[in-house]
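The same chain A turns up in both complexes below, where it pairs with chain B and then with chain C.
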Partner chain A sequence: MSGGDGGRLPSPVRRVIEPFVDRTVAERVLISIAAILLSIGVGFAIVLVSGRIAQCSTAAWTMPVTGLGFCYDPIEVYVVLFNGALGYPFAVGEPGIFNAAWTPFNLSFGLTLSETTLLIFTGLSVAVAFRAGLFNIGTQGQLVVGALATALTVLAIAPLLPAGPIAGVVVVAVGTLAGAVGGGLWGAIPGALKAYADANEVITTIMLNFVAANVAYVLVLEVFRAEGSSVVATRYVPEHAQFRPWLFPNSSDFALLALLVAVGFIGGLYYVVEHTPFGYDLRTSGVQAAAAEYGGVNAKLTTVRAMTLSGALGGVGGAVWVLMSEGRWIESVPDLGFDGITVSILAGNNPLGVLPAAFLFGLLKGGALEIGFRTDVPTELVGVLRGLIILFVAMPEFFRMAGRYAGLGSDGPGGPKTSGTGSEDGESEASGDAAGSGSDAAAVGGGEADA
Partner chain B sequence: MNPAVHLDGITKRFPGVVANDDVDLEIERGSVHALLGENGAGKTTLMNVLYGLYRPTEGTVVVDGEPRSFASPRDAIDAGIGMIHQHFMLVDPMTVWENVVLGNEPRTWGGLRVDEAAAREAVVELSERYGFDVDPDARIADVSVGVQQRVEILKALYRGADVLIMDEPTAVLTPQEVEELYDVFEELTDQGKTIIFISHKLGEALSAADEITVLRDGVKVGTVASADVTREELAEMMVGREVLMEPATTPREPGERVLEVTDLHVDDDRGVEAVSGITFELRGGEVFGIAGVDGNGQSQLAEAITGMREPASGSVDYLGEPMAGVSRRGHIDRGMAFVPEDRHERGLVMSYDLVQNGILGSQHDPPFASGGRIDWEASTEHAESVIEAYDVRPPNPDADAEDFSGGNQQKFIVGREFERDPDLVVATHPTRGVDIGSTEFLHDRLLELRAEGKAVLLISSKLDEVQGLSDRLAVIHEGEFSGVVDPATVTEEEIGLLMAGESLADETVSGAAIHDALDDGLGGSGADGADDVEAGSDRETAADGEVDA
Partner chain C sequence: MRNPLADVPVPLLDDLIDDEYVRSLVVGVVGTLGLLGLFGLLFPGSVAGDLAGIVFSTSTAASTARLAAPIVLAGLGGIFAEKSGVINIGLEGLLIISAFASVYIASVVGIGNAVLGIPAIWIGFMAGIAASTLLAGVFGVVCIEFKADQIIAGLAVWLIALGLAPFMSTVFFGGVNTPNLGANVGWRYSAVMVVVATVASWWALNRTAFGKHLEASGENPKALDTVGVSVSRVRYAGVLLSGVLSGVGGSALALSIGQFVGSGETMVQGKGFIAIVAYLFGNYNPLGTLGAGVLFAGLDATQIRLQQLGYAVPDTLVQTIPYVVVIVVLALVGRTRLPAAAGDHYETEE
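And now, the complex of A and B:
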């Protein structure tokens, strides 16, 4: 059979991917929960096997019935992963279910929420581009540029104002805005290249990540490096010009205010995407570009705008990284932009989904640190467990997106088309069946060819 | 003698829908049987039951006197039943004979190698036995749609089909190709084959079938011999009420000049010139029709006029203003409505509900956009009013566009565009896939717009539609008007000749020339080498399209 993109996929692949394309939100949430449980099951086995292979003097866990000893305790690993990420709200080794001494404002939970906050911005950045049908791999670069813009702006204006809470608010706001502008401009470049030079945004954003990282490095190295610093970093911004970690311990690098700002961004972006004419244009371009064009959407302008918005969100992520986590621009920028891609996929590219997705990532990050403190399980193995959870949870969503890209599912854009009839008369009976009979017929065609 | 097929009390239920309700059907061996009904009447479902794609909820399929239970089309094929779908299942880069034998190739070397010579020979032999004019070595991509259809028939015959089911076989054919298809029917039935075809076109059922069974809402209304029934009676059986077969056209009162197209040249996506110097003007209160075989530049012409495609040269003036460089948005804002030909790609966003689809094109305009946000209440009201006025079924504005049948999707698009209060409506194939009752309604609405003084550019491949509604009628061939005629006096034969690129003055037209021209028009190379097609004579039934409206 010839025809649409979907038709080119071999039929076993279609059969695997197709069911994922048309899921409802509730089904997708259920799938995600099942995926977490499944990944824990697999991870459990991996911890056991590694625990058998590793050498240790005393067994951390003995398997009931068989009496086999293992170096790592798989139950403990997962308990510490989730319990530890929250700062042990559940009692460990003591009577009772809850830990009486627990408060939410502990170091571990702060680390978890710090990671969550940063990933919300980068997740939103990737999500908004994806909703417009653009794959922005460049959030990392936009974050780097935004972070540098924020650091330099704050360092420039902070001395001009008397230190104090009011000046702090102003400086933080202006610094965040500078991050948004920096990231937005950096995102606008691949947007314009895509719109006016037909350059694939996946390629250009990847390349611009390297450009951003290296240009920022050289700039700081040669021009803005703090005197006497052993690493390539700018000076610290003044304390009053940072997001302050009220309630949480200083070392958690977490500010509740920043999380609230991030949640505000989620709500704002959701509103923009779902309830404004601009959002309508953006979404329509993403799901069906030809229909958007028909509906008077300027495709080029929408591409540039979406990439600019995406870049600005990445830039704000950079601003928060500087003003909340580091207090300065430093060469070792974490891979927040790349993790944002997975967060966005996990969230189904829905701004509202970014919150739980980023929180799951934050939990895994915070939990991994705890496992390092509390157990002998090597950090590499913890990385494997994190990867498994993400892989299992993201895969169904990834299938769904890939399927939509390939034009599978119920009669979507680029759906099954067949040979050169050219015309689309589509007298389809009793709605719904039509799609069914179409795919049945396709399966028949495939069956004949296989026989 | 047993009937070739006997469907006994077939009921097919889907969740919430009874697609077929206790349908009995007997089909005589060697006859042509038409299954007639509106969109959603249950025709295709019934045939899918016969072809083994669906299992009936109740009832029995009896083939040749023997009750059968088909688990899959494979079983149906083994029982001698073949089905030719509306969209062909052919591999474009492969040759005719390769497509015919695909999946059932004769083998040599103990099954390791396809016996190409034997396969080709078998296809040639079949093709000759039934008088098909098909070049076995032509590539599918190079032959016309009519030939592709014959290849599909050959495929079914090669697999031993005695009963051929065809779903809307004429939907993609030119009038001349339709005639040839009827000849194929005759050849097949002469040799004992039985044909069942699904249609919603009255004229086609009357001229091609021996017997006609009418379905309505999943129930069989009756079976009649085509010789004993009139169009009006059939239409009433289908719709369940009397149908006005002629739209009430009033004399036209041309108003202001709305559209002026001058020496327009437009390229297609590949950069090949698709519209080659078209000039016309259109006034308010006037319907200007453009007829032609699909793919002769109609799409590009409509897109250039509505601002979706930049013309290569020439000009489009709308309401006295040159439209060069005006965006698509600008065209919409200036009151131009456009019913696009591809409803799945352009006309609707398939994953959006009808509320969101109802504002496509108006998403920045009041009352739908106010204060930087979309007013979903106003949008919902709008969708509901279109749904009600244009009888979109089911009447649920929250259902996604992809969940509606083609005819209902089309009604919604046409409704949305007509209700824009436009000065110009560009409508391409506005009633494609729409059933007879709704077609009548859409035609009436079109004429109402005309009476209100709007200008209408109607592009359609349905001859009766463009002929019946237009005040002036142009025929397009290879990007040029091969003639502009008075639809009241022109005959269908004359339009057919113009569609083939002939001029009317030239009386000595050979059939081969027409056929080649048609092939060219479809982008094929005429590889089937039609040398003696009698296209010039006896074509009064050609293209007697869906509704004589």
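And now, the complex of A and C:
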């Protein structure tokens, strides 16, 4: 974070970046954790309120003292969410703390890590654009285009090579590269529009998301659709050209190798952003575009490059989605690009922060599946939590005020309500939120406003 | 980049509208429609003939009015917020939440019933406005009180609504799409609301003290503060107005077909973002926003009719046209000037 220049130009770029660079890492981590806990608190209120309004024959939860019945049990929701995402390592409602039969290599945890892997790529995609002062909401579209490029490339070249591990490595590498090129080109469009026509990248990337989804759908529907397929999808890529699961069950769609590649990308991107001339251009034009120009940075070119790199990372995410999760391009592309925005903002747009942020989001996504299996609560709850987390991370001032109000000197809202569920999720942030009953009122107040 | 249409001389128009962008918008739309009409008359059997038949038909006009309502109304709301200095990128979320709330409350009251003599569908309409205003209020508090980044907070408003509306729909109706109410608000109401709101917004912005305060709040908040007008209060008013207007638009969208569709990007499908482009295109002028909104909605309505005529173009590809047009328009008109203090937090000086 070399942004020490004290220019007071109210450029939009500076405005977006300011909250994330002018602050110590520790404070950012605290604010992210507080935002997550507050979102969980508000989500708790939402589940409670909707459980009161929904119709059901027997109450799933009865509030102590008041005797009011609710259709959904908000504590159970979070227990299932976090415990389920890990594959139930904790015994709930049974003697003992740990479930003796639990191994890390279970299906649910595999699904969680699979989501984590994909979110690392989309999170990095958003983060790198952010560091250049660009708000790339188009990672979703770049992922869709990259995924299609990968699927078509792999389907085209796989038959040319004899099936085997060496051919597999070649095909996977070429396919991933094709995804990066596809996503990169798609990302370069808003970059060039921003640099040379001054078109706001927030709007153009959102529009390009719609265009990408529609064009890819039509291409597959009309040209590349697998014969006899009931859904709009390409043929499956050959088995040897996919990331294969090691240790984890096949149906978890998770390959440890892909996660290692993702972690490698984190390290690589951190190095590129912090320790290369290109990274310097990127950061300076993100912090102070005018100063960067004076310093000899070609801001227009940097904009295009940053968006291309961002798009390429989204495209690699699409490639991994095809080669690891689905095995083909299919019309129902998950919201990985939008979740990438949350991951990046939660990570303070720091590549290193993307790993824990993506894991947290992987937990939410993996847990959402368990909520669907085990409770009546609609899984769209996780979508609400995603929005709330972004909202709360965007308002650091609130937590500072809450911290001052509580007289603690630091912020630790979330309150006793969430600590009940937090203690079972095995996360380190679960501890240490026992204090802050003053700000708990704020959490509930926010819940009423949103519900 | 110089806009080529700005140089076309039109006698009467030049005196009425001195804004270059708005003028070229009017000239461009009228010119295109005129050409299309001419070709349609000359070659009735051709594509141009069919297209002219579609563009000048009443059913296209009706669906244009229906589709224009959310774009124009949210766009007008966006003008109020942005003029005051708060960039509201969450218009899409406001449309989504009001579309859902209007259908939900209308179905809770029950079609055929009335409260205080007001039919259920209009109760729903007001509930949609209330929901949108409430969410805009939360956005306002977060941006003005807690100094949140406006772009990120606006994005959060969108994502919250995008999650909350299908969530609530599943809670109440067992699926992301609500059942059809079996009653709807006619397109004429939408058309009237759009026109009334446009004229009222133009009047409020250009002929009232409030309009001057809004302008000052976005351009030079310190000056406004100096003369003793609270910047925060003006900004809250701007943001809440964006909520009210988007609420009218979202409710009109959902109640004109009597259903909320929550799958994928929901039935709003990016209209809130198109609204932002509409007011940028109209250069913060309500009349220009109306023109741009009707243009985008007209494109959408035309593509729907085009599909029904059976042109061998996949529907999905035709649906893409409005989005591409938005990108092209933004690239051509990109250099609009934001209010000087838009996006900045203003700290009252003691």
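One rule holds in what follows: the second predicted complex is superposed on the first by the 310 of 451 C-alpha atoms of A that agree within 3 Å, B and C clash if a C-alpha of one lies under 4 Å from a C-alpha of the other, contacts with A are read in each partner's own complex, and residues count from 1 in each chain.
Basically, a residue touches a chain if its C-beta (ideal position, glycine included) is under 8 Å from a C-beta of that chain, and two chains touch if they have at least 3 such contacts.
This structure is a prediction, so every number in the text was calculated from the model and none was measured.
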- request: Report for A:V263: first if it touches chain B alone, second if chain C alone, otherwise both or neither.
  value: neither
Message: Looking at A:V29, would you say it contacts chain B, chain C, both, or neither? Reply first, second, both or neither.
response: neither
- prompt: In the superposed arrangement, does A:A163 touch chain B (first), chain C (second), both or neither?
  reply: neither
Message: Which partner chains sit in contact with A:L185 here, chain B, chain C, both or neither? Use first/second/both/neither.
response: neither
Message: I'd like to know which partner A:H275 touches here: chain B for first, chain C for second, both or neither.
response: first
- request: For A:N200, select first, second, both or neither according to whether it touches chain B, chain C, the two together, or no partner.
  value: second
- prompt: Looking at chain A, which of its residues have contacts with both chain B and chain C?
  reply: 449-450
Statement: Residue set of chain A touching chain B in the complex reads 1-2, 271, 275-277, 280-281, 284, 287-288, 290-298, 410-413, 415, 417-435, 437, 440-442, 444-445, 447-451
Field: Sites on chain C touched by chain A in the complex
entry: 1, 89, 134-135, 137-138, 142, 146-149, 151-153, 155-164, 166-168, 170-172, 176, 265, 269-270, 273, 276-277, 280, 314, 316-317, 319-320, 323-324, 326-327, 330-332, 334-335, 338, 340-341, 343-344
Task: State the interface residues of chain A toward chain C in the complex, per the touch definition above.
output: 10, 12, 15-16, 19, 46, 50, 53-54, 135, 137, 193, 197-200, 202-204, 206-208, 210-211, 214-215, 217-218, 221-222, 338, 341-342, 345, 378, 380-388, 390-391, 393-395, 397-398, 401, 449-450
- prompt: What part of chain B is in contact with chain A in the complex they form?
  reply: 14, 17, 19, 39-45, 48, 53-54, 72-74, 85-93, 102-104, 140-141, 145, 148, 168, 171-172, 200, 294-295, 308, 327-329, 331-333, 338, 340, 342-352, 356, 359-361, 363-364, 369, 372-374, 376, 394, 402-408, 432-433, 435, 461, 522
